[in-house]
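The structure's right below; bear with me while I get my questions together.
Chains here go by letter, A, B and C, matching the order in which they are written, and residues are numbered from 1 within each.
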Amino acid sequence: MSPELLNVLEVIINGLLAGVMYSLVALGFVLIYKASGIFNYAQGVMALFAALTLVGFQTGQIPFAHVINTIFGTHLETWGPGLPTFFAILLTMGVMVLFAYLVERIVLRHMVNQAPIILFMTTIGLAYFMEGFGDLMWGADIKTMDVGLPSGASTWFETMTAGWATEGSNYPGMYVDMLDVAAAGIAILLVVVLTLFSQYTKTGRALRAVADDHQAALTVGISLRTIWVIVWSIAGFVALVAGIMWGAKSGVQFSLSLIALKALPVLILGGFTSIPGAIVGGLIIGVGEKLFEYSIGGMLGGATENWFAYVLALFFLMFRPQGLFGERIIERV
Amino acid sequence: MKLKKMGVALLAAGLLVTSVPAMADLMFPVLSYRTGPFGANGAENADGYLDYFALLNERDGGIGGVKVQTPECETEYKPEKGVECYESTKGNGALLYQPLSTGITYQLIPKVTADKIPMLTPGYGRTSSANGKVFEYVFNYPANYWDGASVGVKYMLDQEKGDLKGKKITLVYHNSAYGKEPIRTLEELSKKHGFTLKTIPVDSPGQEQKSQWLEIRRDKPDYVLMWGWGVMNQVAISEASKMGFPMDKFIGIWWAGSENDVKPAGEGANGYKALTFHGVGKDFPIFKDIETHLVAKGKASNGGKNIGTALYNRGLYFAMLAAEAAATAQKIHNTKDLTGAQMRDGLEALKLDKARLEALGLANFAPEITASCENHGGSGLVAVQQWDAKAGSWKLVSDFMQSDREVIDALIKADSEAFAAENKITPRECK
Amino acid sequence: MFYRESGDFKTSYSADQQTFPIRLDRHVVYGILAFAFLVVPFLINDYWEKSVLLPFLVWAMAALGLNILTGFCGQVSLGTGGFMAVGAYACYKLMVAFPWLNMFIVVILAGLITAMVGVVFGLPSLRIKGFYLAVATLASQFFLVWLFNKVPWFYNYSASGMISAPERTLFGIPVTGAEAPPWMTYLFCLTLVTIFAFIAHNLVRGRIGRSWMAIRDMDIAAEIIGVPPLKAKLSAFAVSSFYIGMSGAMLFALYLGSAEPNDSFGIAKSFLVLFMIIIGGLGSILGSFLGAAFLTLMPVLLKNIMVGWFGWPADLAAHLELLLIGALIMFFLIVEPHGLAQLWRVTKERLRLWPFPH
């Protein structure tokens, strides 16, 4: 193959992998929207908060150290060497479940039957709150995320693809980041587990029932509140996974919460209500924006990815206003 | 009704500026940011800035015997908040502003000129404010972005034994006013030295840079320059190291040269270089004073956890410039309490030579500065620092080098004159 | 008792259809306006102008605009920041190209240009609805910001891509630039906001406003009873963008004095304006003002209390401020999901009955 063709292929592969990273964030949105009709803007901040908590446990930081130091004039920093990664993840998961419970208990309980935009707004308030809370709890400095995932270029893939090029073209081989590959593997695992969970467990069936019809679910004795806590916990777990992946790329810092913006075009393209949609949407957006940047972006002066993702999603919406996999919107007068 | 009235009264009272300082002190308001996407960087810088003044107060009893006050105001790196901070602090006899944000600097340039309060923006802000004839109250010594671009190229020239013909240099930049600054200088320099320049923008915030770095991987440029800020730096450095780009050929501007930027990339960042206009590390006598007078007494900002980081040192350096200028102004005007206009004179008469730096406990920390009425931009001496991932520290790998004034002065002249024409300013005469 | 609607008799249709038919409302509004126009200019200083009053007026204008689109016509938009950028850059280009042009006309022209852009970006609304539309409008947000960053013509080829407002005078007094006295910029903005708030108030109770509301409540039903959705939706986009464009022009030329697309018109601004109208009250002119006041004044207030009164470190205060604003937003939505305007309606009801409970 000619190097040009291989270059395009490389862009496509990296686009697909980037798309999976977007999907990881989008998944959290879909879960909550499906179960409760809430467009959860706080998903990005949840990822940040989960990642902060994980690193905090790993390094043995004392929560609210800065606040305590300011008030009592102490010099607290850490309580010990920190936890092994596995326990830190488990503990973080516990924190996210507690968070889900508190959100339901304090906020969502009062918001039943409100208009979607009001619920959306509530989650924005929640996002603000968690941002400030996370900063107060763990400090605003940039932290390094290391959970032992592979990272760096895959030399095996590089040498293999280098062999594909025509003789004498001096093609260096394709680049893939092991971290992205790991993320793709985890995303696939996540989707499989989620699907199995919702298809074959009692709670999963209850979840689907609530997603179908709140009223009907209530009448057959499903507790909406329990379901909401469960869903928010799962979304918290997905946020933790996204936080780990993105945090490993850029360090754990405030900007992590902005990954939500990368997930939004994925979301509308795939449809708010479909888990496979989130994955396929992510792949389309990832490949689309990378290919556009590669082929046309340079001519326009570059840095087109941010808006092109939205334009691409918009284009698909023109043909399917509910997204590729979204539930058909049926309107009656 | 009563409650409501009380609420309104409370609201009005709360909106009023409440801190009323003793007028006798020297006021240096600190426009810092410790939250938001750039909060980690802003905090380190602000700690250095605050600590230097705290040290002066503790050790010397202030500047010339007058205590220094440093009220801090959080800008969140947002233009609106920056303006609010400026308006709420300027009435208290503020002597100097250092907003640490190019956006806020642009907003404040006309305002500080009207209010006659000087502003010092070392290594950021509006580059052409180096022309003191047009920008009476704005200073940006010791170096600006164009100096940075020029010294970056000069360093490459040194590495390539004086010849850059046919070499490829790529600029990766933050797609904003700040990131676009070096392009013109680099274009001029590419004509002069015969290298090909390619510019690749990264949209803010810059968490996803696969396209950009794949492009660099395909192009195989000889050098990559980076004008980045915030999360863009961390992602760029980790992408570059993963793609196997030789890190010693990857040079960032000074805002892409802090510990925050390299640490998330771990070992991979080893050898990464960045420009700087001041020394690195804790190996200066002044840090002993900080230890005894601040850390030991528990007065160091943020518990002293940032002492010695690149951005802390920069904040320290910014504060030192301000304090030296204030001391100079006190001498010129033979008074202890200063006004903004007097402070301006101090900044213009600032002379920072080797002996003075040594006396300050900062020997060889920074190049010499001689400011004047027309020269608000300093000498433009810039060095290169390199990251050692094992030791976890920066070290200087070059001397402070002179930028290409020939190219830069012409650009500064053109841009400042355009500004003067647009705003109907007649450049003042300098004796 | 305090709020009385009865006993206010009208003898002509025009009296019955005036802007504020209830005498008490009318007097209160005129009273506030008289205070704002005649008293405030004498009290104002730089701090009040730049930190409190101008931000409030600028954001009130933007909130009015978005409320027309979202509150009255039901089209959720997150492109506000981008449209404000259009207004600001149009204003800048007009100011530089026609230095003699009156600033009022410049701002209004900037609004008109934004209206045209708004119609173009409003086209997808004919097919896409709800949150899908909200996210789709982000396309315009990101595209416009990118465009103003990329095309040097918009910022007159300046080295850094920043635009700065040159000094312009009105009646011989500078209204833009650093020399402009605070009362002048304040009065300028206040005049515009007052005029266009009255226009908006009258628009939404007229034929066109009713067609918007019909679309909002159910667009298919509205179409069946003869409201053309194309005309209604696009006119809402046009009018809304007009207001937002003017607010962008005021933000740039009078309030900040210089601007850059990322910092000044980023996505955060789009969200900010949306918060304002939801907190203030969707579909309420008064709500736009209340929401803008809440979200511009509350941070300043919290900061002054925490840093100025209690003397807390600035960074703690900043984190706590975020936390408190988030908590307040949630609290308000739990207590009164229909915004501050609804709270005012409830208060009116109470005042009407007071001191008798029924």
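Please note the rule applied: contacts are C-beta pairs under 8 Å (C-beta built on N, C-alpha and C of every residue); 3 or more make two chains touch, one makes a residue touch a chain.
Just so it is clear, the model here is predicted, and its values are computed rather than measured.
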| item | value |
| --- | --- |
| Any chain that touches chain C and chain B | A |
| Pair of chains joined by more contacts [C-beta pairs], A-B or A-C | A-C |
| Chain A and chain B, separation of their C-alpha mean positions in angstrom | 35 |
| Between chain C and chain A, distance of the C-alpha-averaged centres to the nearest whole Å | 33 |
| Per-residue multi-chain contacts in chain A, two or more chains | 66, 135, 140, 301, 303, 306 |
| Interface hub residues of chain C, defined as touching at least two other chains | 146, 149, 313, 315, 319, 322 |
| Residues of chain B touching at least two other chains | 34-35, 39, 43, 175, 203 |
| For the chain A and chain B complex, residues of the former touching the latter | 7, 10-11, 14-15, 18, 21, 66, 69, 73, 75, 77, 135, 140-142, 144-146, 151-153, 172, 175, 177, 246, 249-251, 253-255, 258-259, 262, 289-290, 293-294, 297-298, 301-303, 305-306 |
| Contact footprint of chain C on chain B as seen in their complex | 1, 11, 14-19, 32, 34-35, 39, 43, 72-74, 76-80, 83-84, 86-88, 90-91, 102-103, 106-107, 109-111, 113-114, 126-128, 175-178, 180-181, 184, 203-204, 411, 415, 418, 422-424 |
| Of chain B, residues touching chain A in the complex | 34-37, 39-40, 43, 175, 199-203, 205, 207-208, 210-212, 214-215, 217-218, 230-231, 234-235, 238, 241-244, 260, 263-264, 266, 268, 298, 302-303, 305 |
| Residues of chain C touching chain B in the complex | 2, 46-52, 55, 96, 146, 149, 158-162, 164, 166-167, 177-179, 255-264, 266, 297, 300-301, 303-305, 307-309, 313-315, 317-319, 322 |
| Chain C to chain A touching residues, read off their complex | 76, 124, 127-132, 135-136, 138-139, 142-143, 146, 149-150, 218, 220-221, 224, 267, 271, 274-275, 278-279, 282, 312-313, 315-316, 319-330, 333-334, 337 |
